Structure formats: structure tokens, C-alpha cells
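Heads up, there are several structures right after this.
The following pair of complexes shares a single chain, subunit A, combined with subunit B in the former and subunit C in the latter.
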Partner chain A sequence: MERETGAREGLKGWLNPGKIGKFGIERLAWLLMRLTGLGLLAYFIGHIWETSHILDGKAVWDKSLEMTQTTEGHLFLALVIGMCVFHTGNGIRLMIAQMGYGIGKAERPDYPYKPQSINMKGKACIYATLGMAALAMWYGMAVMFA
Partner chain B sequence: MMATLHPKLSEERSQTVVSSTKSVKLKIKRSNPNVNSEERFDDYVVPIEKWTTVLDALLDVKSHLDHSVGIRYSCRQASCGSCGMKINGKPALACFTKISELDSDTITVEPMDNFPVVRDLAVGFERMINNHKKVMPYVIRDDSEIDPESGMREFLQSPENVEKYIQFSSCIKCGLCNSACPTMAMDTTFVGPQALAQAYRYIADDRDKGKNKRLKVIDESHGIWRCHFAGSCSQVCPKGVDPAMGIQLLRGYLLGIRD
Partner chain C sequence: MMVLRESIIMKIHYGTAIGALSLTVVHILMRLTQDFHESLAYENVIANYESVGYALLLELLLILISVHGFNGLRVILLEMNQGPTYEKAVTIGCLAAMAGLIAYGSRTIIMTSMGMV
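Then we have the complex of A and B:
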């Protein structure tokens, strides 16, 4: 009898950084998309909690704003900017690919098989998105630390 | 009576190198879930030649060092899809992976991820085959190939239309794509890249009339929308199927971009 235990790899199947080396930049984009999605969700919940302090009066509101007016707070916000830019840019790339554009054309494959869907256009988009996220973080920090 | 070799063949044989000077360490993951949950790596040193595949090395171990190593294999030429396993951390066919190309003195072989282990390197394919069957991997039509008047007939296909799905017909159901898929790693009920690519293969076939039936099967919470295009399935496919492309093209039918 087959045992179903071990029928899935679990968290290490997607969190394992070793997989990125074996499966390439597309796997890194996939992992970052998930992590930034979870990060932005956590930020969104925290943001609602923080802005809810406005109901407690000006003094409480001003105090809650001070949380992000520190070096750690600025670094955290810079990270949020980076997550937001990457998630948006990569999301647009995925939407276009998932509509069937930029993934090549189905045809008879020749050896050595190179998957058409994993192509330079997609890789360039991922690198560009990473670059834009880094640039936005740098600009955000330049403004916040000015 | 002993046969005499042709002089030329005899000369060729005398020139063949029969002893190997190179060897590699083969680390084989051993487990037997039917007995206990223990997992361990056993090391074996095996001689190799330039052409030795991982399957050759495993069979060498089985023949000379340890008969009890559990593996599944059949054709030895990447046609049957039986010998899929994780080789140095990446899913691959053992018969299609030359040790000399791995560029490593230690080869680690493990059973494929996201499949239940039967024993050692052999895994159970029940779930994958069930998902494969679920997408109805055959041409669905109202009429039959049996013609009452003329006997059998063929559903003819034009060469142009064959090109639309021929790539996806090469699937040998080895399970490497499902093993590499990060969604399969988290969701045991996900239909998987293998079955989704096969759904596209039949939907793209203009002789087929079962498009709506298949789309209904895959358009559910653990169906096609769980794929987030990591592309790992396509990177490990030994037959050039490119399941990731098939899945994205398949989405076009559900989004109304494709008819």
C-alpha cells in the first residue's frame, strides 16, 4: 500500500533558497511574489491598526505616527516600498504571461529541449522589476533620511 | 561449439576499455514507509565511464553491492518515464542523466518530492494518474471511428493543426514536473502541471469536442488558478513538453481570449 505521508514537500518546497539555484530566476520571482504578498498583507493589517488611532484623538494619533519616524521605521517603510513595486511589476508580468503573451508559440520541440515559456523576455522583465524595486527603495530612503 | 569472432570485431573488442579508472560516490536515500519512518543515506562507490548514466550506476549498486535498493525502471531510453528521481536535488530521469555531465564526485539520489514513497527511490503515481484521467486525456466526439457502412475510419488531422499540440503529446508521465512544482509542494489536491498540460493538448486538438467538459474540471479552487507560473515544471521536463506554456495557453480559454 502506498502511504500518503511525504506526498508533498511542504514549506521547504517553496522557501528553500537552494531551489532558486536549481530552477533559476523565475523561481526567485515566484518566491518573492509570495513573500512580498504576505509582507504587504501584514503591512495592510498594521496600517489599518495604526490609522485606527485617529479615532482616539490627536495626541494618540501623533504618537502612533512617531513609530515610523525612526531609523528602523524608515527602513521598514523603504522595505514596504520595495515590496510594493516588486509585487506590482511582477504581477503585471504574470498577468500578461497568463493571458498567453510573451511565452512563445506551441510547436514541435527539438532536442536539446529549451522551454519557450522560460525565455529572455520574461527574465529581462524580472530583472527590470527587481531593479525598479531597488531604485524605489533607494529613492524612498533618500527622501526619508534627507 | 564456440563461434569465431570476425577479425575486425575481435580487434575492436581488444581496443575497448573495459576497466574504469574513475569512480563516484553514490548517496542513495533509503526508506521503507511500510515498515517504519526511518530515513537514511547509504553511500556506495561505483566505477563510471564517460557514458555511465545514473541508472547504470544504480543498477551497478544493485548487481554488485546491495541487491535491496528499491528503484523503478524499464526502457532505459527516456521513453517509459519510470525512473524519475531527484538527482543532486533536481528532478530528472536516471536513464537520461549522464554522471559525467553532473560534474560532481558525489551523486545524491532521492525519491521525487510531492509523491508518496513506496520504497527507497520508487514512488507511487496513483494521484498523478488519477488527475491525468480526470482531464479526460482522449479525443471526445459524438461520432465514432467505427463506420457502419465502410468499417473503420480515421479522424483526420492537418499537419498545421498537429503543430498546435504535438509538443504536449510527448508527455511520458514521468512526474518530474509535478515533483518540481512549488504549488504541488503545498497543495496535495492541486491537479498539477502534468494533467493541466494534457488538458491543453486535447483542447487544442480541433478534432476534439470535449473542451467545455475539461474546462469545467480544471476551473475549480485547486485547479488551474493555483499555478503561479514559477516555470520549474518546464525546466525539468525531459521531453520538451513545456507544461508552463500549456497552462498559460489553457487559461486563455477560460479568460475568453482563445476560442
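Then we have the complex of A and C:
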């Protein structure tokens, strides 16, 4: 079977800000879900590597901890907290939507063809998730910089 | 090669997400039982690992997050490109990376909890 490659935009399509303008906050949530997922996976791999330093003794452990005990390290961890909260909140929204809640009832498609599933409930959840991520980052920084 | 249906894989994805979320909350609360910086002191971390319950929690968390994370990566990579060879390579690559990370993380947990430091 011949493959259709012309419609595939790849990473350019992901990061195109025009798509967010065109498709709204749901598109931003779609993009952030993927970016935070990749970011958290990278952090997790780094975390497993960093914690393995415990096997090399106290001196190596303390030196490895120093990486995150700086202002930049704290800011990085605050970003990780924000990514984690957004990924979790948006993931829960997606699970609930896939179970069929909050996406409206199916009805005949009439002009202007607004999909029932893209409604204010979903948008409010995305804004709330972004707000919770910001609050969690603020709390995390308050703890780390205390 | 055994092939799981995507619907089953997504159920595993959601199940591991909920499990990882619950255990991550416990993992973070352990850091807040005392001063954050103090809780990361070498002796305190070793004591955490030497508690069998907490070591089991860490092992389970490692498995759940690895499965969820690498399946998420697989889904993203399959969204970006398709084809039988590519899809098989991505699936095998993600499974291998997942197994490698679980093995590496388990080594830390097992050796530390058994006092081999």
C-alpha cells in the first residue's frame, strides 16, 4: 500500500503556534500533555540515575544532591512539579472523557458543526489544571527555598 | 511475538497512571515527614531503603512509572510515524528501554535495602 506522507507534519505540526490559535485551549492541552510526558520521562530516567549514587557512598551522594540544591536546581524541580501536576490533572480529565462523562450527548450534526465534546466543561478543567500546576510550583518553591 | 490489543494497552496505561499517582503521593509525603533537606540526608535515605515496606513501594513505583512512561513514549512515536517495521522497532525499543530502566533501578533498591553499600 502506498504511504501518504504529504499530510504528515511531525514535530513542526506539534509546535506550530498557529494550530493552538486555530484549535484553542484543547490543542494546547494536547501539546502540553506530550511535552510534559516526555519531560517527566526524561526526569524519571535522571532520577533513577541520580538515586543510584547512594551505592557509591556518602561523599558521592552529597555531591550528586548538590546539583539540585542550587537556585537553578530548585527552579528545575519546580518545573518538574508543574509538569507532574499538569500531566496528572489533564490525564484524569482524559480518562473521565474516555469513560463518556462531560462530553455531551450525541446529536445530529448541524451548521456550524460545533462538536459536543469540545465544551466549556472540558475547557474549564484545562484552565483549572493549569492553575493547579502553577499553585503546586509556587508551593514547591516555598518548600525548597525555605 | 505476543500482540496485545491497543484497547488493553490503554487500560494498562490508565491503570499504571492511577497506581503511580497513589504511590507518588506516598513517596512525596515521606519527604515531608521531616525537613525537606534533612529527609534527603544520606543516613535518612539509607534508613528509608532499609524499611522493607518502603523498598517494596519504591520497586512497585519504579515498575508502574516505567511501564506508563515508555508506553506513553511508544504512543507518541507511533503518532508521528507509522509502518510495520517502524512500529515493531518502536515497540521493541520501548520494551527494551523499560526493562533496562527497571533492572537498573531495581539494582539500587535491592542492593541498598540489603545493606550492600
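Assume the second predicted complex is superposed on the first by the 140 of 146 C-alpha atoms of A that agree within 3 Å, B and C clash if a C-alpha of one lies under 4 Å from a C-alpha of the other, contacts with A are read in each partner's own complex, and residues count from 1 in each chain.
The working rule: a residue touches a chain if its C-beta (ideal position, glycine included) is under 8 Å from a C-beta of that chain, and two chains touch if they have at least 3 such contacts.
Since the structure is predicted, the reported quantities are computational estimates derived from the model, not experimental observations.
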item	value
Partner chain in contact with A:G10 - subunit B first, subunit C second, else both or neither	both
Contacts of A:S117 with subunit B and subunit C, given as first, second, both or neither	first
Partner chain in contact with A:G100 - subunit B first, subunit C second, else both or neither	first
Which superposed partner A:K22 touches (first subunit B, second subunit C, both, neither)	first
Which superposed partner A:R108 touches (first subunit B, second subunit C, both, neither)	first
Most subunit A residues touched (candidates subunit B, subunit C)	B
Subunit A residues contacted in one complex by subunit B, in the other by subunit C	3, 8, 10-11, 34
Subunit C to subunit A touching residues, read off their complex	14, 17, 21, 24, 32, 36-37, 40, 42, 45-46, 49, 62, 65-66, 69-70, 72-73, 76, 80-83, 101, 104-105, 107-108, 111-112, 116-117
Residue ranges of subunit A in contact with subunit B within the complex	1-14, 18-19, 22-24, 26-27, 29-31, 33-34, 94, 97-100, 103-104, 106-111, 113-118, 122
Complex contacts: residues of subunit B adjacent to subunit A	33-34, 37, 89-90, 113-118, 124, 126-127, 163-168, 170, 180, 182, 184-188, 204, 228-232, 234-235, 237-242, 244-246, 248-249, 251-252, 255, 257-258
Subunit C-touching residues of subunit A, taken from the complex the two chains share	3, 8, 10-11, 34, 37-38, 40-41, 44-45, 48-49, 51-52, 54-55, 57-58, 61-62, 65, 69, 84, 88, 91, 95, 143-144, 146
